[in-house]
């Protein structure tokens, strides 16, 4: 059965990462995956949260948001609503945790890197695109710290990328667009490192519990897609 | 290597489910897993959220909280803080989604079942204990609806239970207590149905990415533990 | 005229205080008065609020909440509502003030004792049960401070207990349950010490102003009930 | 022992009630008791809160606030703080409850009277001054409703006034000013009707529990003071 | 065409400034312009906001609010609403900015003067009345600082006053009352110093863009009105 | 004296308007003025706010925000702060009011157009760039309504553009960049229509009151700049 946009079931959408997208941040990219577009920035702040003070270790934290009209119908701003929604909190916790898992916090020293992921156009897979793009912004910010001698060793131990997979009309698919995602019976987000290990694996049955086999099939698809994303990153960062 | 409380690596803590724990709710249990204690209640409300109005379908939603002194040090109340934290939102979204995955919403009719999970004592695994207990409260509330003729068919298609597993000091362990959880390199929560399918599977590397093999090992442990929980539930609900 | 549950007009409901109810807090009880059940905990924190800093004196403060389904119909959580309601604030101010009135704050030293009263089942008289139970939790926390030598003298100068009284269908009644309370023309909460003095006395006409005589009658009833509660406490704490 | 301002122990401060103080509200007064000044307004709204809809009955509710510089040092605005404090909520609940106790809600019909009490200068006794003044504003709003035929019978069954009493340096005093109040060992607020009955009686020990005798002494003082306030009101409203 | 209250098009309403209106603040006035009445107070606080610390300079900041029944229909309190509205923020930013423009902040030293403007009765022009009155309160607070030797030189470099002008039914009018303001096609607020310079000039087309000529006409009217206000202030402050 | 970027004192920065910038909104542009970049979108909603219901008239409203790293140092998100700041509210009120002044609301019918202006990179003049860009987004949304027959006549009566001017080191300058703006003694924002009339004119002295002459000079500069912006818009919209 053909996909909406004619892709093969194991095919990523067109991926593009515009580096140094903004003039102010220490690292910034616009990542495009099909119609999904996310601005990812990295900001270095020379202090750590209270729980990390005096530890000699740094911190990496993330925030995620969508422009009101990133979506098909307008979404109310969380600032005018007065609070962030559960979905937002869940995603930004996922992004922060994922990036910390590849970061040697002692090498970073007592500083925080703030990752901001702002979706300007959404068509499925915004959280995984955000992670893949945020890695690049984080990489560029760390490189600047190295270049100016603020740190001695690269705190990033691995590359990091993420993708969504799912089961749609009984077929396992890689990199769901919004229309596929909204029909998915199962939805899985996978975050992996360049040495092939898992950082996060979140599978959710949308009303249709899934079997062990299906889980394994989705994990395989995800590994294939993430490998391709890691190659794209690799080209940009050089050896 | 022995576990803190002398359990085998694939052994659950003592489980106890006190049914009809409170007089007011349509369903209520106190679930005890080792030192973790959660009050789970189910409340029937004769209306649905706006997005479900006129659909003929019901809704199941959950809220989760901890008493301030459920934990070793006192936690500030979210009501005095003025908002729920990301962790709370993530957990209550997980509980609600899990219970909906085994519920036939049209059979429920246009009514909402509110699930409240309040942790009165925490020692690891509160979200999975909450799911296992909430299933029982939901079951009892549905039974009451059937008995009084408000609905014609049981909307619950399967039983549901959940457990945590993890990798601690290089060993895969079932049903982590707090001390184990705080040392875990990997932490995984698994939610399964009585026909052996997955509803949620969330694996998180706490700074140590995990391999495919480790993932499979943890999933096996979780299946074993959940099977035992389903038997305990089964005894309580009868055929 | 007989009471709903067959009690005499000057008779308390069955009272039970389960001590050391939770493993984490410095003091914790479950107090049961009829169907009203409140978990009261005391937490010692080694600092004081800003206004007390450098004074050499300690502080005692209280928070009060109800589980959503402690009541006949579900109450929205104050954390999801985003703020505490007037009733909650009024009650927790009352509990804190009452406990401070029997506490020698200089003996406590510059530390705070947090009292948390969480109603898990409500059937009238939750605020007075909370005070009677909170005294026991506070007592146990102070005893621990004495035992480990953190303080030299018991800061609690008296025992403390509380009860509600009211005028229902023209009859003065002790210890109202919810159904009586909701029909009461006058409602009075009384907090007293073991040497027979008043700490708080709050009488409220629910639409029917009350006479001096009625006030005196209610105060008498309250004194009788509180004396019995003090005896129960006394047995638990020994000399 | 002489009082700060030379008053006898059973003497009120100078009382003044400026009627029709503002042009917009249906009823409005500026009540002055010594240096305490409160603007009390009554606003008629042609609807009731949801819980009263269809009941044929009206509602009376109150809000209370202080200008930031009503006090000796500036108090932060509750609007910039983002929420009302416990003290504010307690006071406005007291004012509303007191006024409702003398109002025949069915005679009012399905409309709400909003009472706003804004303290522009505070020197003790603001809540009791607010009640005494609010009664006048409510009276004037009801009179307008009668005059224009919106209601047929006066919904106010009694006059209402309030005063504070206390025990200061072992002496029982009527109508405490701020300096007396801040030294008081016991503080009592009493609200009474023109037929000599109690509507609210709230006695609080500020660290010094009080005896039955002291309570009776304070109640006597309060009755004397309230009688004088009722005479002042009576003169203004005529027969 | 005659104005509602018979004034000439370039005529101010009756202006009255009651000085030392309250006993607690360092400066306080009640300014009355027609039916608009605003209490303006100045509070000296011996510290500055974080951004000004260590600069040797002081700060002047303002807050603005309306009593709920200052207006024809009751306005909900911003404290019960939980936040300040856009209009409120805009006005208090304007007042603060205007007063700072005539204040030599180094002469003030590291202290803050809080300006509170509380509208007790509104009939148009509340923000400009607030500025004119706030100048007087600020003046009096500065004089006290000078008198007690806390500062050496008057930090106020000029007098400051403000007025509204507008175009109503094609006529340019000075000092609009509420009814005129609600029909205005253009609305302009002007803040000027005693040496005839502009501090703020805010012209807004309410649906009818305005020409250069009209702008000039309105500015002329405003200058005339402000000159008269400055004379009134001058008389009060002496040389 | 030369400007930072070598421009003449009456010269705009490079202006670029990318139309149809996003796929979902009814109108969307990315406006670039030098290094300032703002995404402006227009969303049609088929209902009006309560105060406009039944009037037959539509509504235009705006929201404004900045990405956290649009600026040189990271700004905390208003959603995590829990509220919008005064500056944000002031700007979005200005944008909405300006657009409504050129919109025939009855022609729009009972629908709302939401304007969202999100600054992705800030270098001064974000609010005026937002207005100039928002006009284009609004124009495109109206054109779509016309094309599909939802409305019969173009509700936009004029074009609209805005620019900032200021006095920097005694020189009057057009279109200030951030560095100029932060040194400005006077700052003025001007909004004008294509027939040369003013919609908003807001001049603010940053500590240095300004004369009539200076005001006239700034207004002249603004007119020149706005004329150029209107030409750019005109080319894009055709006749």
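Each chain gets a letter, A, B, C, D, E and F, in the order it is written, and its residues are counted from 1.
Quick note on the criterion: a contact is a pair of C-beta atoms (placed from the backbone, for glycine too) under 8 Å apart; a residue touches a chain by one contact, two chains touch by 3 or more.
Values in this document were obtained by computation on a predicted structure and should not be read as measured data.
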Partner chains that subunit A and subunit D have in common: none
Over-half contact-pair match to E-F, picked out of the listed pairs D-E, A-B or B-C: A-B
Interchain centroid distance [CA atoms averaged], subunit C/subunit F, Å: 59
Subunit B and subunit D: spacing of chain centres that average the CA atoms, whole Å: 51
Subunit C and subunit D, separation of their C-alpha mean positions in angstrom: 28
Residue list for subunit C, restricted to those that touch at least two other chains: 82-83
Chains in cyclic order, anchored at subunit D, direction fixed by subunit E: D, E, F, A, B, C
Interface residues, subunit A side, partner subunit F - complex: 22-25, 28, 35, 39, 41, 43, 45, 63, 65, 67-72, 74, 77-84, 88, 114, 116, 118, 120-121
Residue ranges of subunit D touching subunit C (in the complex, touch as defined): 83, 85-87, 89-90, 92-93, 97, 100-102, 158, 192-193, 195-212, 215, 219
